[in-house]
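Next up: some structures, all given as structure tokens.
Next come two complexes, and both contain chain A; in the first it sits with chain B, in the second with chain C.
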Partner chain A sequence: MVDTSIIAGGWLAAGLTIFIFSFLYRDNPFFKIAEHLYLGAGMGWLFQVSVNSVWIPKIWEPVSKGELLVIIPSVMGLTLLTQFIPKLSWMSRYGFTFMMGYGSGLAIPAGLSTDFMSQIAGTIKPFSLLASLSAMDIFNALLVAGGAICVLFYFFFSVEHKGHLKKVSNVGIYFLMVYFGAAFGNTVMARFSLLYGRFDDLFTFSGSNYFYATQVVLACMVLYFLLHGFFSGKKEDAAGEEAA
Partner chain B sequence: MKDTLQKFFKIDRRWIFLLLTVTLFVPIVKPIGLPNKSISQATTRVYQNIEKLPAGSFVLLSLDYDPSTRPELHPMAMALVRHAFAKNLRVGVVTYIAGSTGLIEELFARVGKEYNKTYGADYVILPYQPNILAVMTQMASDLFGIYTSDRNGAPIGGMPVLKGVKSYKDMSLIVCVTGTAILDYWVAYVGDKYSVPVAGGVTAISQPGYGPYLQTNQLKGLIGGMKGAAEYESLIKQPGKGTSGIDALNLAHLLVLILILTSNIILLFVKYF
Partner chain C sequence: MIKHKAALALFLSLSAPALLFAAKPAPEVKKAAATPAAINGLTAVDMPYDAGNAAILKWPVDPAVAADAFYVVYASSLQSGGWVEADRFAAPAKTGKDIELPFWAWDGSVLEHAVKVELNNLFGESGKDAVFQFRVAAEKNKQVLAESRAVSVTPAGNWFRLDRLNNLVLLIALIVIFFWAVSHAKRKGLFIRRIAGLDAIDEAIGRATEMGKPIFYVPGIGSMSSISTIASAFILGEVSKKVAQYDSQIKVPHFDPVVMTVCKEVVKQSYLEAGRPDSYREDVNQFISADQFSYAASVDGMISREKPAACFYMGHFMAESLLLAEVGATSGAIQIAGTDVEHQLPFFFTACDYTLIGEELYAAGAYLSKEPMLLSALKVQDFGKLFVMLSVFFGMILVALGARFRWDSFVPAILNLFQNY
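== the complex of A and B ==
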């Protein structure tokens, strides 16, 4: 026997999922309820995460134990909020300055090494190993290096793209299009996977152990749309007759 | 004839939604069992990197996904944990997405029982931490400097699972499963900087962007989307939610292909005949 709270959770999940999907048919109050509930619950969740996972363990508990140094970053963090008070907004610069310095110090060396030097090395490296590479690997290395150069050239605007240079730039566009195509195909697959996940849950909640939550909610929604269509149709007819 | 065909382009999109719903729902109700024959090299590399580790090695899993990406990422996390437990590896779990804590609990409650693993001896779940970069930097010198207790507040210092594990150099592999940019951080701030092998599991949307890291071996392997999860389940020979989702994905893609082809053929017919 499934626990009552799990059954209630199943009904809530099935209901909210169907309410949200109902927008695909037509805007309705149930969709609005689910939408607002989602926003409210999301904000509430973020607030409790900030309090329970950040404020209490990182500030309150250390200060209670006498570790007063954490007050300095806390105050710097609070200065960011002075942005909302024009007279005091200058104070926020100290917080932002620290964040910028700390962030840049971490990100710039790592970015240069990981995304710049390593990638250049990765593109060039196969050409130093040509003797040990198969024909296919050599073709791959040429394709990657050629593609990288053409795409980079497409984004180089200091020379006018005409004649042979335009052709190189156009090849770059084709490489970009291949990437966008692959990314779009994967996006479609990802969206289907997420949809499958919701449908899989809806199927789970359609079982007798959940008292047929999916079917009941779905039937109620269909009934709502039928009744709404019927009565709004009558109203439109009446309005039409009055106008005539 | 042309007028009739042109009606196809004015079809109410809700019919397509309904068709897609039916296409995705049918294999859930009645699985067809379409095969998942191709296994990508990137997924195989993750499998091989775990497979080659001797029993007792410490693997750090960074499970950073919330319910919004659960259908894609939860099956692959489950397959990774199953593989690690089957190989008798020690597993440590960290997360930098607060919403993932419930999913992590669910995962280990299930897989831990399947393999008769003991919490504290075979695996440990560390609490959510904000400011990921500060945590990553600190873990390079002293894990216990940033994590003093587990997610329930129990001290982790004496746990057998963390015996001899102080920093990244004591870890055999880091695998990050995420729908965010956290895998990029693991590569840039940990993998490259401290020469720790880093592998990943990501949503299908982010998958193409990690190609350059795979080519340069900055990433030791990559599982991409539900397809990747199904591939990994095939490799460990334990079909799960990833494998069952392949039916639905195949049919949905087939539907999209048919719709694209049909509309293009009709368009050409209307234009040239």
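== the complex of A and C ==
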């Protein structure tokens, strides 16, 4: 015998999944319920994460132990909230400026290393092993290098792309499209695996041990849409007759 | 007397072999044979240009050590004992040339072994003045052939990463070019080629104005430190300026409260610049949720109910990209998207009318506003791309020539120039 709370959880999961999927048909009150519930639950979850993973371990506990230095970044973070008080909103600039400066300092050297240096080194490195490369490997290395140059040229904004330059740019687009096609297929496969997961759950909740939760919720929703369609159609007809 | 001497001689001659045999210290002979030779010249130095959590051990290459033997490096964080195996490698391997530092920061030789030991991997985080002991043994078939004396070192962090000098030089070059571009842009202006997706912005806003429906501008789920979000904020400025001029409506649903605060200022400023500060409403920017899929579900609901005439998706997007763009497409809105998240771009291609690919998003702000600072930043990006293109082209040729004609020190030097340390 399955526990009552598990059965209730199954009904809730099946119901919310079908409510969200119902958006594929059209916007409806069930989707709105699920949407707002999701929004509220998401914010509630993030709030407790902020309290339990940031506020308590990063601020409360160090201050309780006498590590008062953490007050400085905490105050700087709190200045961001002064945006809501027009007279004090100037204070938020300090917090924002620090965040932007810190972010830039962290991102620029890392970007230079990965976007520039590693890109170049990775592209030319295969040619250092020329003696041990097969004809196919050499072709591969040339293809990668040529592709990198053409794709970069597509994003070169300082010259007009016409004549021979247009051809180089077009080759870059072909390389991009090949990549995008591969990325699309890859991501769609991943999304399908998520969809299978939801269907698997709906199948599980359709069993007699869950009192046919999936079928009942689905039947109720279909009934709602039929009745809604019937009555809204009648209303429209009445409105049309009145207008006539 | 003679009889006694003869008996003594007989006794000695009979017992001598036994005494000799008894006196022969068999284990001592064995011990003498198993005493390992010494590995001379072992030195331990602090790993240069690091955070102070690694050391380098060096000792001369010994041709007498068999090629099928192994060197085993032991390390300890204690004064005595506590040895742990830090590394094990075939005797001919790991010379000074194998240390991953560029030629301007490290002069490695093939005549000496050099081994980098990551101390934090072995002993965790250590104190500032922690002393570490090292010794090296040469082993073959689990028998110690040679062993060094213990040496010690105190690792220290370095303020300057000389190994990253190539990055610094490139950064300085980019800064110089940026300032040159700023002065040039202010004096003569800078050319940017036409970007098709951006020309459609006017069309989209005009359509929304004619239809009397709102425009949705979705800045994505990136934080304010994300480059695409910063680019999105610039584009939002230009879009909202045009919206203010046409007296249309714009709605900007937000995922990140910091981004919302910045965007509020941007939109307010745009309305001011357009001469319509009275048209600005505080609810243009709305905070929705900081949870990815609740945000997507809520924005989807808003789009499907309000049926906007135009949707802009500019910034950092992940799995919600298709969820948003698909709903926008079914609601009949003209859609313009732009992101630098390359694996989400295909979804925008399929569901949107125009898509800005990666760098085009960064260029959009400059293209629309013609601001000298933004144009200069774009020029610096173009310089970076030109640098990469030329480096790949000439680097490829030089490295191939070096490999073909066996210029042994030239090829590693070229690779060092572009290595990420």
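Brief remarks on what is shown
Here is the rule we use: the second predicted complex is superposed on the first by the 233 of 244 C-alpha atoms of A that agree within 3 Å, B and C clash if a C-alpha of one lies under 4 Å from a C-alpha of the other, contacts with A are read in each partner's own complex, and residues count from 1 in each chain.
Everything below uses one rule, namely that a contact is a pair of C-beta atoms (placed from the backbone, for glycine too) under 8 Å apart; a residue touches a chain by one contact, two chains touch by 3 or more.
Predicted, not measured: the structure shown is a model, and the values here were computed from it.
Once the two complexes are overlaid on the shared chain, A:174 sits clear of chain B and of chain C alike.
Judged by the touch definition given at the top, the superposed model places A:193 against chain B, while chain C stays out of reach. Once the two complexes are laid over each other on the shared chain, residue contacts for A:53 go to chain B alone; chain C is not touched. Of the two partner chains placed by superposition, only chain C is touched by A:31; chain B is not.
Touch criterion met: A:203 reaches chain B, while chain C stays clear of it.
When the shared chain is aligned, chain C comes close enough to touch A:39, but chain B does not. Applying the stated contact rule after C-alpha superposition, one finds that A:183 touches each of chain B and chain C. Using the contact criterion defined above for the overlaid structures, shared-chain residue A:118 touches chain B and also reaches chain C. In the three-chain superposition model, chain A touches both chain B and chain C at residues 45, 106, 113-115, 118-119, 121, 125, 179, 183, 186-187. Partner chain C is touched in their complex by these residues of chain A: 20, 23, 27, 31-32, 34-35, 38-39, 41-43, 45-46, 80, 83, 92, 96, 99-100, 103-104, 106-109, 112-121, 123-125, 127-131, 145, 148-149, 152-153, 155-161, 176, 179-181, 183-184, 186-187, 191.
Remark: chain B residues 14, 17, 20-21, 24-25, 28-29, 68-72, 98-99, 127-130, 133, 137, 187-189, 192-193, 203-205, 207-209, 212, 215-216, 218, 224-227, 241, 244-245, 248-249, 252-253, 256 touch chain A in the complex.
Interface of chain C with chain A (complex): residues 164, 166-167, 170-171, 190-195, 224-225, 227, 257-258, 261-262, 264, 288-291, 293-295, 297-298, 300-301, 304-305, 319, 342-347, 349-350, 357-360, 363, 367, 378-379, 382, 384-389, 391-393, 395-396, 399-400, 402-404, 411, 414-415, 418-421. Of all residues in chain A, those touching chain B in their complex are 24-25, 45, 49, 53-54, 58, 106, 110-111, 113-115, 118-119, 121-122, 125, 144, 179, 182-183, 186-190, 192-200, 203.
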